[in-house]
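Here chain A shows up in two complexes: once beside chain B, once beside chain C.
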Partner chain A sequence: MINAAAIILNGVFDILLLPFRPFPHLWGLLFISLLSGLGMIMVFRLVSNQDKISRLRRRMGGCILGILLHLSNPLTVMEFAGKLIWSNTVYLLYLIKPLIVIAIPLMLVWGQLDARYGAAAMDKEDPVTVTIFYEDGLPVRGSLEIGVSGLELIPPVVLIDTLDEASFRVLPVGDFHRTLEIEGVSIQVGRTESWNGCRILRGFDSGSSLKRLFCPWIGKADKTEGSPASGCYSLPDVRYGVLGGHWYWIAVFLVFSTLSAIIGAKVFNVKI
Partner chain B sequence: MFLNAIFVSLLSALIWPVAILIKLLRRRRREYARTAKRVVILGLDGISPVIAEKMMTEGEMPFLKKLRDEGTFSRLSTTCPGISPVAWSSFQTGVNPGRHGIFDFLAPDRKRYLARLSSVHTGTAPVKIGFSPIRRTVMKPFVKILRKSRPFWTLLKRYCIRSTILRVPITYPPEPLDGHLLSGMCVPDLRGTQGSYTIFTEDRPQETIAGGVWQKLEKLDANRWRAELPGPENNDGYCSTVILELVTSRKNTLLRTDNGQLELKTGVLSDWFELVFRSGRSKVRGISKFCFTEDSNGNPLLYSTALHVNPFFPSVPISHPVHYSRYLAGLYGPYATLGLAEDTWALSNGAVSGETFLEQAWSILEERKKMFFDAMEHISDGLVVCVFDTSDRIQHMFWGDGSSKGTPVHDMYRRMDSLIGETADRLGRKDMLIVMSDHGFTSFHTCIDFNRWLLENDYLVLEKGVETVETSFKGVDWSRTRAWSMGLAGIMLNLRGREDRGIVVPGSESSELLEEISEKLLKLENAEGERVISAVYPSESVYSGPYVSLGPDLVIGTMAGYRSGWSCVTGGIGKEVIYPNERHWNGDHCHDHTLVPGMLASNVKLNTEDAAILDIAPTVLRALGVAAPSYMEGKSLISRGAEK
Partner chain C sequence: MKRREFLKLAALSPAALLAMNTGCRRTASPARRVIVLGIDGMDPFLLRSFIHEGVMPNAAILMGSGGLNRLGTSNPPQSPVAWSNFITGYGPDVHGIFDFIHRNPSTRIPYLSTSRVIGPDRIISISDWRLPLSGAKVELMRKGEPFWNRLTDEGIPVTMVKLPVDFPPDRGKARILSGLGTPDMRGSQGSFTFFTDDPRSITDNTSGGIVVPVRDYGDNCYVCTISGPENSMRAGNPVMKVEAKVWADRDTDALRIDIQGTRIVLAAGEWSQWVRMRFDAIPNISSVHAIGRFFVKEVTPRLKLYLSPLNIDPLNPALPISEPQSYSSDLAREIGPFYTQGFPEDTKALSRGILSDDEYLQQAWIVLRERLDLFHHELSRFREGMLFFYFSSLDLNTHMFYRVLDINSPLHASTAPRFKGAIRELYRQIDNVIGAALSARDSNTEVIVLSDHGFAPFNRSFNLNTWLAEEGYANITSAGARNQDMFAAIDWASTAAYGLGLNCLYINRSDREENGAVSPEQVPDLLLRLKHDLESVTDPATGRHVIANAYITSDLYPGPLPPYAPDMIIGYARCYRSSWETTLGSYPVGVITDNLDPWSGTHCVDPGVVPGILLSTVPLSLPDPDLMDMGKSISSLFGVPVLPSGGRDIFNVSGS
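After this line comes the complex of A and B, so read on.
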């Protein structure tokens, strides 16, 4: 069920970002950010009690004006300041319900964007460090068998007994999908092709599929006896050039989704 | 908002010492030791001392009785004539109408023989904007108060005594003071009128609607109608409108606009609903209440009150400082801002029922109470004035029902007494409470058409072929007219050099003419042979000051029950001189001012001998330790024993 949801969600985002393939990555990221902001504000409108929020906002405005109007009377100023703080607390309580409703879709979008815009694809010039984690204990030194396809394994394979993990480096070769084979389990590794909106795997996990729903950068791996439980690949972070700065995708998302939410609130007359 | 709160609080804490220091340096010393730390004036428009006395005797007004027993209760002479704008102007300035220039609701335009509002002038004036070389002149609207002299609370600024003035008539546009002011009577609605309601029906009513506007309800399907609500006029002379959609279902009735929707209950007045009128890029925001009913045939009938200025986004200046109206709206929600907020026209025309009108009146009373108590809470040292005019409107509309138990007038007096009680509970030991009304009330059962009387006595002459004049003296031959009447109690001579087409020569001719008219008027009788005019006052006998010439030449004091006819007020000429008043508006105070004195009560013993409304300003100033300026004509009512 969750696997199916994850597949559908990945598919939806693939389709949404399909028109942006020929364009720079930032465009797709901006599109999803703006869409998310708008979506969130509409959900907020549906879920929140707009009348109550509107009344409370006006009351808070009234308290601020009360402070300004009674500047010569410190007691009154304090009274209004107290009322204002109380109103803010009530406002935060009003926000709880819409925030709970928005939280899950937001986490899903967040995961998708992180998977697609958080890390750079593999580069043929740069080796990638693969770290694998074991739950049932590390295999005996020398017995760890690592097979590669489309990759070149760069020794040594480092085993850290105390942490139950092993590390090694790989370098992509050729232009096809790459897989690792560890203890007979085939694991897909990140791609070198990096079209706009492409999901880039940054690890694998043989555990619950719920995790993969919220963290779609994690690939699925079968669990067999002696195989690793999870792993991660050291792909470099990506920065985006916005307004002369170098922004992480999170900054781009937060700024532009907020901006779109504010504009959406103005256009659709949503009280926030 | 949270950050705003912290920022504003910190800023105010930083500014406070500086503000206090500046105040201390600028403060003028009071001339006397004050007798009250705070003066609270509770203005109850139109409360009749006669009814109040009767109800106190019956034990129906215990709180007012307590004031009478422990402090003061007396009659309060009103102005001539005893009309709210005139009386409240004298209250606030301490001078007679000849010095403040307000003689009636309407003032005659002597150049065009038309009526205009006496207290406010709205117009446009050229204003230069920008900087050289791109400086240009544009026409900007302005609003100017026509009341002359100074309200006494503006004098308190010099002494750093703070005031909150709420809804006192003739305070629009607001004038600066040390404190806050919310304008009252004469604040217009969004259409620029003194209050015009809207009635929506599918078919046009047969009669023209006075004081209101009819709009068509266009049927879209069985349960859906569409209508346009006309709002303010834009620069092109067209009205901007809001599209309304009325949807009825088994469950409820909804009214939708672009800005939101409102649930209506049949026969019940809604809460305030915000309406946004767009004209180009600009927006004008108003508020209105709606009432949905069905006529006997099941056809929908939608009523909308006048479009009040939204106090949160005022399109005209209704308060000082500007954000005071926003402050009140923020804390207590939207409230009526129109000068004459209770919709008397709608009740007169049958657009709303008596119950709906009362519902509206009581809700306005409650709104006003919240503002008043807020002011009392936050002004612990200084002056608080609030005028409640619901009492006036209810008596105008329900006087005919009497004042016995169960009548709206009785109910209103009871509510006003509770208000006095609630106010008294909030007073401190050193506070002075003044409860007052500007005039009393009597019945209004018969109209007197003074223009008809002038016509029949050859003082006013019509052009050939003209038999009736509906309004604005259309068809009057000014070259042969010697006198004309406009407003609620005035007769003007068509004086050469003053009126545009004046023919009466000032001097002996005008004096003789005034005497002649006065004598004849005093002999005017009804069908039963009873006199209907109790006194005629030449303006020089009742007014003094630089603006006497702006007023009427004769002020007519009618007997109780008689008042100037409806069309006569705006320059119309009816068919009869004396005719019955058939309107719902059946109580009034525009009679001989000696018949409708106001009321004065206080928690302090005052010297009420010959107490007049002009005395309130000097009394309040004296109570606060301030000498009344020499131009004020009233006297302090504070008895010598109370002065320290």
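After this line comes the complex of A and C, so read on.
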């Protein structure tokens, strides 16, 4: 069920970003950010009680006006200030429901964007460090078998007994999908192609599917006896040139989704 | 107007505008292009030899066009001085750079001559936090107007890549990436870090870098603390630190470095790719970024892990290294991170014995490969104007490996024969660069290759300060402090002169220096006597003169001089140079000693000994070209109406 949800979600984002493939990566990121802001404001409109928020906003405006008009009378100012604080508290309570409703989709979008715009794809000239984590102890040195397809394994394999971890480097070769095979378990590593919106795997996990739903940069791996529980690939972060700065995807998303939400609220007359 | 006529007019308008626009260009011919390759330290003698050997076929082609000319260098012939001559068209009296090191005339405290950091004007202190209300500034100490301003004023695009003595870069319309003179993140010209648990390697010697003792407590894990820049936001400016965990796998002689979420696997003998590090001044609020390369010298039996000087991250520079500021980050995004420090080769690590010849050369090749990538990237998009590209590799590697060329070097016999081809191979690589520039040439493109100076062997060190003391010009009162820097050994009240920097000598003037001993009226006679005495010094081991010329600065540069200018510039004879101890004011025993440092080549001698080279597709119309002529000459190739004022036009293409 969760696996199916993850596949559908990945597919939805693949389709949404399909038109942006030939364009710079920032375009796809901006599109999803603007769409998310707009989506969130519409959800807010549907879920929140717009009448109550509207009344509350008017009341709060009245309190501020009252304070400004009675500045010479401290008691009245304090009375209005108290009312204002109370109205603010009520306002925050009104926000809880829409925020809860928005939280899950936001986390899903967040995960999808992180998977697609958070890290650079493998580079054919820079080796990637793969680290694999064991739950039930490291295999005996010499018995660890690592197979590769579409990759070149660069020795040595460093075993760290204290952490139950093993690390090694791989370098992409050729232009096809790349897999690792550890103790008979096949693990998808990722691509060197990085078209706009391409999901870039940064690790694998043999555990729950729920994790992979919210963290789509984690690939699936089967768990067999002696195989690692999870792993990660050291891929560099990506930054985007926006307004003369170099922004992480998170900054782009937060700024442009907020901007789009504010504009959406104006256009669709949503009270926030 | 009828609809059909309107449509016809509308269709024709863009074409007409386009035609008008084309007509506005200065000429209908393709844009003028000049490629200038600045090859630091390319020596005319070595170049000629390699051309004759057939190692440099592309240089031979250039030699056929404009000849191989000796290019007059600066006095003193040090790179910061020479490149400032090139940039401004004037000598040190105008641009103000006399040596790598200047000193405060009053306190005699030395400082780097090319740039300085000025702290913020106002600071709010809250507990031990210090919050600046204005930003700190870095000031370029070189004066004078760069010649390319005449080009950019005429709308000619100018790109200067790794330009020496231009940190921070000149503000203007030119695109500039700073080169020589750009510090590392610790503010030095290159300070390495070496982590080891080998007690034999752990010393208190901090020259060139720091050795950090680390220990494995049985879990094969070493906690290595990397010291970065000072934190100006905390009282006392403590050093910012980043922790790296190094896990050793002694069975495979390899290790894994975990640093700020990145894992790096390296086997013994391997260099890492660039590793990004973030030093937090205020956690999550203010941080600076650096890049460094690890080298695993040894894992078993002892950990020996080298970390290169921390370079300013070009993607997110903590200091201004390019103009416009986005230029360095754009380059880093396009070709990846690159060395930003002015001296990218880790020469100090070789001199200290931290890196072997082999290991140093590996790093030097990494630098050169990276520089070649940058060059090809810029060349591929060069369409119009001037492209200047600077290479440091010949200079620094000839410094380190001159001992293989010179059989009289005290280290010649002990250097492995396999390094004897290293300098030839470097010249071959530079020839490939010249070849690439020639391939990019069309009928409207000129290629100029120049160097700031040549090279000479550095076999014998001259302890200038010791000589001054032995001849009675300085008075050593604390014999135990002879080897300490900053003149700790002497009594200023009875000292007439002192040496500081590589070629500079100063009179201890009573009207300038604190506790100065020489009155202004005594100075001219004292200088004449010093000149005579210095030019008479002979090496007891060889009977040869040590100093070819001792120049009185006011004779050499008759105009007004800045107060920090030296009183005398020492032009050493071939094979001699001031000792390292002289440069920072110490008084070791013995006036002339063998130079046992791998830094075995020099150009800090008499300028007549080490001219630079000039190769060009444009024939010269004047003899004896000089670095100061180059700005005017290059500008004249573009036909700009007002040429820079300094120097001569040696190409004289207009025939005026």
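Definition applied: the second predicted complex is superposed on the first by the 272 of 272 C-alpha atoms of A that agree within 3 Å, B and C clash if a C-alpha of one lies under 4 Å from a C-alpha of the other, contacts with A are read in each partner's own complex, and residues count from 1 in each chain.
Following the convention adopted for this analysis, a contact is a pair of C-beta atoms (placed from the backbone, for glycine too) under 8 Å apart; a residue touches a chain by one contact, two chains touch by 3 or more.
A quick note: this is a predicted structure, and the numbers were derived from the prediction, not measured.
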| Should the superposition on chain A be reported as showing a clash between chain B and chain C, or a fit? | fit
| said: After the superposition on A, what does A:His246 contact: first (chain B), second (chain C), both or neither? | reply: second
| field | Vertex chain A, arms to chain B and chain C (CA centres, degrees, nearest 10) | value | 110
| task | Report for A:Ile160: first if it touches chain B alone, second if chain C alone, otherwise both or neither. | result | second
| Does the superposition put A:Asn269 against chain B (first), chain C (second), both, or neither? | first
| said: With both complexes overlaid on chain A, does A:Ile104 touch chain B (first), chain C (second), both or neither? | reply: neither
| task | Rounded to the nearest Å, state the minimum C-alpha distance from chain B to chain C in the superposed three-chain model. | result | 21
| Mind pulling up the chain C residues that touch chain A in the complex? | 219-221, 247, 249, 251-256, 262-265, 267, 273, 276, 315-316, 326, 329-330, 333
| remark: Seen from chain A, its contact residues with chain C in the complex are 126-127, 129, 131, 141, 155-163, 167-169, 234, 236, 239, 241, 244, 246
| Which bits of chain A are touching chain B when the two form their complex? | 55, 57-74, 76-77, 81, 84-85, 87-88, 91, 269
| request: Show which residues of chain B lie in contact with chain A when the two form their complex. | output: 1-2, 4-5, 8-9, 12-13, 15-16, 19-20, 23, 162, 180, 259-260, 312, 321, 323-324, 326-333, 378
